[in-house]
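One chain, subunit A, appears in both complexes that follow, with subunit B as partner in the first and subunit C in the second.
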Partner chain A sequence: MSGQKEIVGTEMMDPTFFEEVKKMPGGEKLASCIQCGICSGSCTTSFAGEFNPRQVIELIQLGLGNRTLSTTSIWTCVFCRTCAVRCPQGIDVPELMSSLRIMAVRRGALPRDDRNLKFHQAFSKSLVANGRLDTFRLYSRLAGMREIARSLPLGLTLLRKGKLVFRTPAMAHPEQLSRLTEIPRSGEEASSK
Partner chain B sequence: MRFAYYPGCASSSFAKEHDSSSRAVSKLLGIDLVELENWNCCGADSVRSVDRFASVALPSRNLALAERDGLDLLVTCPGCYQVFSRARELCEADASLKARVNVCLSSLGLAYSGKGRARHLLDVIVNDTGLANISQAIKTQLTSIEAVPYYGCQPAGFPKSSRFDDPQRPQTLSKLIATVGARPVAFPNMTRCCGGPLFMTHPEAASSMTRNILRSAKDAGANCIVTTCELCHFNLDARQSAIEKQYREKFSIPIVHFTQLLGLALGIDSRTLGLDRNIVPFNLL
Partner chain C sequence: MERVVIGSCSPRMHLKTFRDLCSSEGINPYLVEMANLREQCSWTTLDKDSATDKAIDIVAGAVGRAAYLEPLTPTEMKVNSNVAVIGGGVSGICASLELANQGYKVFMVERQPSIGGHMAQLSKTYPTLDCSLCILSPKLAETKGHPLIELMTNAEVATINGSAGAYSLSLTRRPRYVNENKCTGCGECAKVCPVEVADDFEEGTARRKAIYLPFPQAVPNAYVIDENNCTKCWLCIKACKHGAINPRDQASQKKIETGAVIVATGFRLFDPSVLTQYGFGTHPNIVTNLQLERLIEHGVYRPSDRKTPRKIAWVLCVGSRDSQSGQPYCSKICCMAAVKEAVLLRELVPNLETWIFYTDLRAAGKGYEEFYARAKEDGVKFVRGRVAEVVPISGNELLVRAEDTLLGVQLENAFDLVVLCPAILPEAGSSDLAERLGLHIGSDGFLLERHYKLRPVDSQNDGVFLSGCSLGPKDVRESVVEALSAASRTASLLGKGLVTVSPEKAYVIEEKCDSCGECVKVCPTRAIELLSSGATVKFIPCVGCGLCIPVCARGAIDLKNSTESQLMAEIEGVARVTPTKAKIIAFAEATSAYTACDLVGLARQQYPTNVRVIKVPSVGRLHARHLLAAFSAGADGVVMIEGEGTVLDEERFRSHVNEIRKTVTSGGIESLRVFATRTTIPQYAKLASVFQTFTERIQKLGPLRMDVRSRIKQVTVA
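Now for the complex of A and B:
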């Protein structure tokens, strides 16, 4: 079968995609997946996405690269690792999800529902800018006006309780962190090839 | 016992009471906390979704700072603990990754050997200080509290080398609850995710997950939920009344950080423990 391309739905099966994912962190043991579904019975958040973890792995095994990378399901995982602890084959599904996310963004295969993608990007940006997370600014940037209006009662309670910090103090010289994110970006390509 | 204390972003903003109660309890138990100078955010779940190398290098900077002082990092947030433990484990498993991290750290005048590691405060209290010593320091038996131990989803995420309990059937928190004279209540959802990570992006899904924890704690017969994670605490405590309205159910169940519970038993005043910051009133004593 390898080398040949079959058509599933509207997408060509591409065996090279499976090979590629197997080389990424979390993908090492994918060939040993027996589709038992323990991951999916354990998953806390698959109800919020399109596919459960077993189905995501099946998409990969079938070589359906676009379908895998553009599904919201790789973005609704919360890295709780319940699946990884229970997997009889020792597959590290959360590490796989991280790898797929990075691959998806690199290839421009963005999910239709990109709320989690936007959240992680905004969080990371806030971190590199301040060195620490500015929770309130992150929230106000991500939530729409309607959501902010809806959360007003909670906001007032938090304010009264001293739990609303409008500006989290930044670390000194946060610009030093760019040494830890920029140089390695090229290094990271090398490690995932 | 001396540690480099890493408060983390949650304890510095919406969970200041976890910071104040952790400091107070540690001081009383002789755990010496020196705040890590100019620490940076660990990156949480987000950086690993964007830049894999940075998800190891950013936490490594904190580990390297602690290592320079010859100390382990003391962490109160299980999310941060998972991130630090993952970074250390990945470096130990991959020498070339560790070397690349060190190239970057050296431009900041730092180095990470892998010797320094993160410790979670719950682990240090229960396993280093020890329950026998804690029993002797107890001033008030909290007999009116019937609490479910709620770990949240993080313990399953601790890599093998950093586990201090069974990832699926942890007992540390139950032991602590029993030690302070309260009754630990059996709880099937003690390691089920609270929905916190989806709170800002999928509020509907997050609310149903949070409701599930609150409902099952009530059904188990508890009058209190004890948490180890700041995000779980926020989600169960601050969002409880909104969830009550949404699902037309009444919970009115107080949520306390494990450090607040222990602090009360040790005789620390409720203001220092930040109990006045909890949204659902704590009225069990």
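Now for the complex of A and C:
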């Protein structure tokens, strides 16, 4: 919950947004949500976000499109699927979060300075460039100097045990992956699959 | 003027009005025909031109049929004034007493060894906090002692036949092994019985012997042997000073004749172990609310160590409002039951913490909101949020995790007793009974009332009335209201002493009958007998379904008000008159399927005007010749729609449709032009899509080839 409360007026509501999300994967059964809270009660990461999954659905139902897409909460889902298993109305919340991420990237409505988002961006950048995950570069992109300094002892331990690889070799033809990774950016396909 | 055709709303609305009007003017009411231009035409489309063509066809069909209408007179039959009440819970008991006090003889059939039902298991009742058994047991005793009530416990309905005014039921009584009249209820037998099992009345919170009294106030107040667990050591025989135990007791059959039946079969609970996140069965301190009711009655303790609980959580909506693993509906009584239990327990246990986790708290009812307010005053804590999971953390304690949706934060709290409130389901076996009685079942699994608002305790079968939780989840007060309504409806049927019997019955044309007996085999109500003169239809048991007609090779059997000539004339009128492309005839079974077709219009659902509906008593009344007549007169496709749970059972429906399809396709017509389906009334919405899809199919196939049409024309004329 944000400290400062805002007053939501109808001018902030986009009546087409709800319909748009309903057409996305995970959005099919959105209208049947009864706001029971079993998803957010079950959520393993909702403490970390601004809104919990139930509140994200409420934002969508109210048509608060910009608010929904710019919230950091849609980037905290780790796809454990506990909520999807328990939802009494069969709403696939992780799939919904994935769809919201795609919509957010398309509209450029990304939250600023969000660690989770940065992680996703660094992750996909590494994947696109290399064809496989380069953990050291991922870490160095995300962590600040102070954090790197703080984790130096752990790094040395890992290095001694041969668990730290400074450079992961790229796969033979990383460009073959590009077709998969382009889809969310093209804005043509609704599905990330 | 000899005959009247009215182009208007559905005959379901005002056929009686117009029949009465004509009757008062001296025209036989069966000479009135209605063309359904509203529900099945104007309300189903916005396309005026094609709707006009469709209306012309519908009127042409009605006029065609009207020419062959015959004057008919309903007969009156004396009714049997006995009543069978199936189910001995509070609903069945109140209905029986109400009728018996009016002078009707009542047979009450209860599956359990005692009457009382679920109400006997409850501690107190909301919102008045009356002790449940204190108000119920006088009723139990009155039922037992009433000279006009014959009580049959440990018994079930085996078969049931007949119609309003004349039912015959055969009942199977399971052996009790204890003579009800000799047993004094002293309990010496149970003392010596070596077998101990979980007590079902106590919901497993206590144990009982294999010979047992269901509960102290049981009616009849006689012991019973639990057949499944008895080891037949017969120590009880020696212990019984009254010689009440009969080891040779056997199942017995009893036949009864009644004029009406009341179905009050009650409910059972959803199995909460299906929702694994609530851990039912994995920890002793997770119980159902029915188990809690029993715990309240014989001392509140947490089952793990039998100590007094300090902190109790109620988990609402376990399987209710859950279209994935449970039931989509709200079970209605759980909110108030949980509030009541919390209030009661706070009185019984000092310093007890009581938390109710709810989805939406539903306290709609006289005095219910006030009771909820009182609970809050008393200090019961309410959390709006469906419980996510219940996790054992020690031998006694459980962690309950849920979101407080009003705050948007996750709550984690330890409790030493977690009470699950499972959904209310229709009692097992009620669907079986429904099938045998010709009752309809709604999409929720409960019995379906004749009219949701105006005939709430009537079934689709004129002499069968419904009451209590067999219709849907409800509390004691509402069950009693329905019991009294059902009793009143029963009395108004039986009180006149006579029932009107429809003249729409099958009849045999004697000179054509060769006594082959095919009709006897197919009749679902065994209404046809083979006499030396040929087949004869018994008037009362015949339900007018017409299943006997297509099986008669000689056309020797016909049906009043749906005669061969009437049906053929209607088909001819509907199919011939306007030159509509991709014309489709839909034969709809009169009760459910035709009603469902009306409901499509009532809901203003659109479907192509290509489809014209013709009402038939049952799809089983149709012969391939009717479809051929439709095709030859101009139809390009035929749909047959039968209701669910009609006399035409699934197997016969399929074989009948296959038979028709075989004949039709052998005439050169593509098999795809014939489609058959079943529907219940509540599923009416699917009919609009059936009509849509089938029309698209026929449009793709194009019109029936001219040469095929003229060839079948020659065949049908010949």
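Definition applied: the second predicted complex is superposed on the first by the 166 of 193 C-alpha atoms of A that agree within 3 Å, B and C clash if a C-alpha of one lies under 4 Å from a C-alpha of the other, contacts with A are read in each partner's own complex, and residues count from 1 in each chain.
Quick note on the criterion: a contact is a pair of C-beta atoms (placed from the backbone, for glycine too) under 8 Å apart; a residue touches a chain by one contact, two chains touch by 3 or more.
Remember, predicted model here, so these are calculated numbers, not experimental data.
Placing subunit B and subunit C on a common subunit A by superposition gives a fit, with no clash between them. Of the two partner chains placed by the overlay, neither subunit B nor subunit C lies in contact with A:Met12.
Once the two complexes are overlaid on the shared chain, A:Pro169 sits against subunit B while remaining clear of subunit C.
Residue contacts after overlaying the shared chain place A:Gln121 against subunit B, while subunit C stays out of touching range.
A simple residue count on subunit A separates subunit B from subunit C, and the partner touching more is B.
In the superposed model, A:Gly37 lies in contact with subunit C only, and not with subunit B. By the document's definition of touching, neither partner reaches A:Ala129: not subunit B, not subunit C. Of the two partner chains placed by the overlay, only subunit B lies in contact with A:Arg81; subunit C stays clear of it. By the touch criterion stated above, A:Phe47 is placed in contact with subunit B and with subunit C alike. After superposing both complexes on chain A, the closest C-alpha pair between subunit B and subunit C lies 6 Å apart. Shared interface residues of subunit A, touching subunit B in one complex and subunit C in the other, are 47, 82, 86. By the touch criterion stated above, subunit A contacts subunit B in their complex at residues 25, 44-45, 47-48, 75-76, 78-82, 84-86, 94, 98-99, 101-102, 105, 115-121, 123-124, 127, 131-133, 135-136, 138-139, 142-143, 147, 153-154, 157-158, 161-165, 168-169, 171-174, 176-177, 179-181, 183-185, 187-188, 191-192. Note for the complex: subunit B touches subunit A at residues 9-10, 12-16, 38-41, 43-55, 57-58, 60-61, 82, 96-97, 100-101, 103-105, 107-108, 153-154, 156-157, 167-168, 191-193, 197-198, 200-203, 205, 209, 234, 238-239, 242, 276-279.
The residues of subunit A lying in touch with subunit C in their complex are 1, 32, 34-38, 40-43, 46-47, 51-52, 54-55, 82, 86-90.
Residues 277, 317, 321-326, 359-360, 384-389, 401-405, 408-411 of subunit C are the ones that touch subunit A when the two sit in their complex.
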